[in-house]
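A, B, C and D label the chains in the order they appear, each numbered from 1.
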């Protein structure tokens, strides 16, 4: 995918039986591995048993923290977060972890996902006299816990889970307990790991690898994991996982390839998707290339299945960062050229199959086709390792943005013309699901199919398909 | 005073019948004039009738805001704040205005003062399920309003005033109303002004002058001022002001000399204090000098009353800022030398009377006496235009800091020896009160007398006498 | 003076027989004391006998250096500089010290003043194949030394002095020698001090006081001071000082009051100027006030001589910094109001004498008179403790700026009307010179008289009378 | 290569017949494409015919420039530079372009390479009275031009070329002319392009692609290209290119794969190197993987030639930036883990061939082998697509660093043991040269062979093999 979806968060929590001087550093490394899930702000909160210290700021993990700050973040329990934040002013206010003091002490919450009933919950809490200082779901969760926590934090977590609707991978920390909660559909990933005597809850298994922790298992849909001095406890009301609806876009684009989610490795799924794509949309060609970085693996799978050589036709500039260049007529085009360049010697005179992971707006895809043709490609056959994005994410999408979804606005032949490809083929939804090795019922495929696991709100919220 | 008290805040609020593009800029100018009341953070919140926009950050008013930000802060109601914050991490979280969303809409609170029952109120609110994100009293006030605001914001303000104990000059803003509240003892100053059709509530009258607003009157102790589309309304339960207890340190050091508080001009009071000091502690000398800046005016008053010439014996470096120089044995001494230098030609061979506004720890005073003697002064007679600071402020003071109060630890003769003065005289409390032109009962004189207008908490809070 | 002259520099040099870990810190303190001579950039260069280390950056001394940097700046010889730089891009390139490597090793130069023949010297050096990287006179000096230094650095300094024309207080450092040079007219101040075994060369004596160094003597006009392992050596071709032409504006505004220049204390000279002003321009009045800070002392002298009470009528906001507020019609007016406010209670109903050190453009003076009248002053009689600024400084002044010199454009009665004063009186040039205690021939009075000690270039250079 | 060589620079120059408002932006895009050649500082200088404006600062191209700065950089001729600078203080001083004013006007110089006789040239120029302000070769070049430019800039360039020895791709700009110079051995690349009416000189052809410019040809070894209003002129004393000695490391690691240097595409050369490596060092295995990013292409070539599947076994964290984490025992290991993670599902149980572009110190290679084995790889056969780095670069290398060259210190079997590989094979030098398609005489292979095209200085200079 060259037009990107903005995924909103990565979460990390760790419980260490003893106070650990390197706790903050450990969380830092974990967040480093989750950086692809959010680059706008980062934060870490820790406790040594009394009160919670935290640091959060706008920027990359490597920019937000330094040794001096990490040295301060010792403790025995901690949580961390990376986030893509929306454009409102005072975004630091909206960064996570959210830390509050309430009747039972201190509490920190980190969240990946989107609550569809957060407005109702806010109104309900407001009626009880609660006042909100941020716009984030973590505040709703923290306030629910504060309201419901009478004796047992576990009870409060259970009530919280009953009330909140939507997607969530939540990690909650009190002064003595670390809690993980995954929504009943398991839309967002959350897994459990172990590093020596410490337990870890985090969005993706790649964060475990980075700190040499062992993967234990995925947290199940609807499961609450409670970690404290008595060890790890699991609470799960609904014993069957039949309502499981993991976001399929984690496999398409969000997750890091070296992560394994609910038993399926992301890299292998993408490779497989490429192979199935080759079967669904074969075409005669000389070379298969991928749009770096996310299209590369599927391109390799395609090449293997098609028996056509795989090659590198596009070079990505590794230094393209958060630059803002004045908008000019040609600015989108120069943007693509700064990011990607063709290897003329590799593509000249060739019939190419160009594999991308998805197409959102189509503008970038068109520009890449143009770059390849200018570099001498004889034909460019575009193959996409996922179906057309035709619907709002159940998290909500602006009408204006919906209008920009080329898959929602145009037919496939029209898209082909728009992007200037010689042919265009999308992987079927069945194929995509099959690539993961799961049965189809396991997924939320809303953005492709329009079918959502839970009722979708009318008005959209802030998580929209946006152009990176 | 060369050893300084850190005053915690300046507040500013404005109500404009129409939306004003320059609203933020107007508040900015007002905060500029209040900068002496707090240099650590600054913030402005505005509304155009729906929602509240705000910007706050660490730093001076001139550093926190720029034209781009101020242009965004248009509206018809706004509040602003300058603050000295304590050293906890995440101090931005503790900066003001505090902005919340609650059942009736949006609310912003700015506060100068210290609630002595904030811990009780926090516990009480926590029992009701409220969770706190900051350590500031403004959050307590905002949450009380959020809890109590059922129909009428005025009612909520009244209930709030019944509940909170301590000192406060509060300005509260909803989407359609600006409210000012001054504690029943009027410990912190708050005044009302008018600029064309706009009404202003602010800590000191100097902020009105800066924006060409007219001073209307001081808000009375225990008074609530409500400004909305129906005009200005005053609510006051207790009609007499017999319990008035304005902080006398506003006149000694806190307030700007061009401000007039509760009818008495700060500059004139300081001048008068100097005159009375001359009568109480006369001494034969050749020249009266002040410790700049705050001792200068009293020195002039002293000189006039004593019939001894006033002169400038010490030059202050205008560029001494927030520098942090490595602590070395001599660092305090070099600190004084960077800040103050003697005019040798003016003091050489002279018997000097050196007037300062107060002595907190005594270290700096001793160093200044040393500087003057090294510059050739024959005698240095120290005169202080306020009594010895002997007690914690009713806002609370650390034991360790209490130990550093030289007035609490040593007799006057011991202090004289400690600072190396040839004689030492403090203005009496009666004299100080007389200088203001008020009757003595008007003041809180706790730091001098140990008598506080309201019950003082055992354990101290964060507002302590600190060294600047 | 409320309309300010921008003075361009402060210089500092130190020679320590042994390597001193605190050398950089010592220079830092000295520059701190010279900060009023330039706030745009600061720099320090040091040597331990082989090579020169340096650090320079834009900003105040306290912003440019920190403990980590100062710890690096150990050595036995060092120079420092504070500068007001013009607005060209890449101003860091133009900051000082200028450090070069040449055939005899390393060299650092700091300069206060303006060479009138720098363009000729540059052209001459260019003809010899030299290429320039900056626009500053220090580079010309460094390159002259580099060209002329064959055996003896002293010889090279002498040749340099023969070639450069204009004003200069220069401090030059090689890897083993510290050299001070003051121009033959002594236009810019330079003095010699001693701190234990170290010798110091610096612009003003206040820098010596700050580091507890003893003032030895002023460097004489046309004198070269050479300090190395053999001690201090003086070279002076022209033994008489008859051509002495110290810039009289050092006494009017530039220098710090606690400095003593060529034997006359700045503070005392300003006081005396006030007394003489009272004799030259008496007027019946109730109160004498000064425009802070630079008018205060002369106001006190005026009051003493006139037998009229001195008071404080204007309060200066100590936090007015380098703020840039969008230019609006009223921006200059709000600028004055942010900076100065009247003490209404002190001026109401009074006939005031308002003393300022100088008037450059007149705009600010007019606004201050307005502020005082609005505060209730019955009459405002403006007295200026220097003559009208009528001529370009010999350093050159833009025609456009010359047009803005109200003293050059209008008669005194016109100026009075322009600023709205009830009467206006300037101190005579004779009076000003008398106030310093020197005979008149000692000064460059070009800006007042149009008579310059050396031939003035036609085209102006960058040092102009500018509005602060 | 996971242990990296630090390449020093990228250069860019453009000549436009007319003044172009977007000139700076054009150069900015070009530098963006050259960012891989240096990330420490960036700079652009432009002229509109009179004087030169420039901006340079530490940081990435995207950090150094913004729209406001680029808007200022209009003109008709311009040069730009990206640089890796050494760690001396004041590195901004050492950044490029170097801009000087000399007898013929203004001059800007940008340089990629290393002059081996720069110390001699500096001493020679110093004897002529020149003083140096930087440590960079560009200053030597600028001063030579300044000395030698009497009538014709071309003549001066020719004399300059006669004097300087070493490697250089130089772009020099006067107020009316753009000059490119490539050293007689063509060690560093430099090519000529055309964009509409503009001519461009730049290090790599990828910079031409980014701005849609056409590649015309490589500048020849020993050629001077002069571009002015009369068009493009070539000067070349030595007509044959027999002494050509292009740095072979440009193909191994330095250059971007989409660049074509002296007729050979970098990407294709790396692919071919992989194929030849497979022939030279075959081994039975299940999967070929590359060390991203630079080992990937050769791995693909190896796989193709060996008939073994190519796969992705290592995932690189795209957000690893310039982080500095406290040195701990395990810091190098965590550093590798933050950067690279194995795809367990892809490598588990497999016999792997892991291809890297080079091995410098061996530490990182060993850690990657460990990561793969921990992820379940049965065997790891390391293949390197270049010979062992056994000698200092002719640019000079510290003895200490030379000691760290594992290829210089250990035999291949020892290296294999050190990195824990099951087998280890390096591509032969013949193979590497053959991969480029050139005859062997075309290259400088000093770091592999110890044979340098020009006499190598005894003492090293600053360009050393360093760890990224």
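Keep in mind that, in the parts below, a residue touches a chain if its C-beta (ideal position, glycine included) is under 8 Å from a C-beta of that chain, and two chains touch if they have at least 3 such contacts.
Keep in mind that what you see is a predicted model, and the values were worked out from it rather than measured.
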{"item": "Chain B to chain D, fewest steps along touching chains", "value": "2"}
{"item": "Minimum number of chain-to-chain touching steps separating chain A from chain D", "value": "1"}
{"item": "Reference chain D; chain at largest CA-centroid distance", "value": "B"}
{"item": "Rounded Å distance between chain C and chain D, as computed from the means of their C-alpha atoms", "value": "49"}
{"item": "Rounded Å distance between chain B and chain C, as computed from the means of their C-alpha atoms", "value": "36"}
{"item": "Cα-centroid distance, chain A relative to chain C, in whole angstrom", "value": "60"}
{"item": "In chain C, residues with contacts to at least two other chains", "value": "none"}
{"item": "Full enumeration of touching chain pairs", "value": "A-B, A-D, B-C, C-D"}
{"item": "Chain C - residues contacting chain B, complex", "value": "25, 29, 32-33, 35-36, 39, 60-62, 66-67, 70-71, 206, 209-212, 256-258, 260, 265, 267-268, 293, 296-297, 300, 304, 309-312, 315, 317-326, 334, 337-338, 341-346"}
{"item": "Residues of chain C touching chain D in the complex", "value": "53-56, 72, 89-90, 92, 98-103, 107, 122-123, 126-133, 142-143, 145-148"}
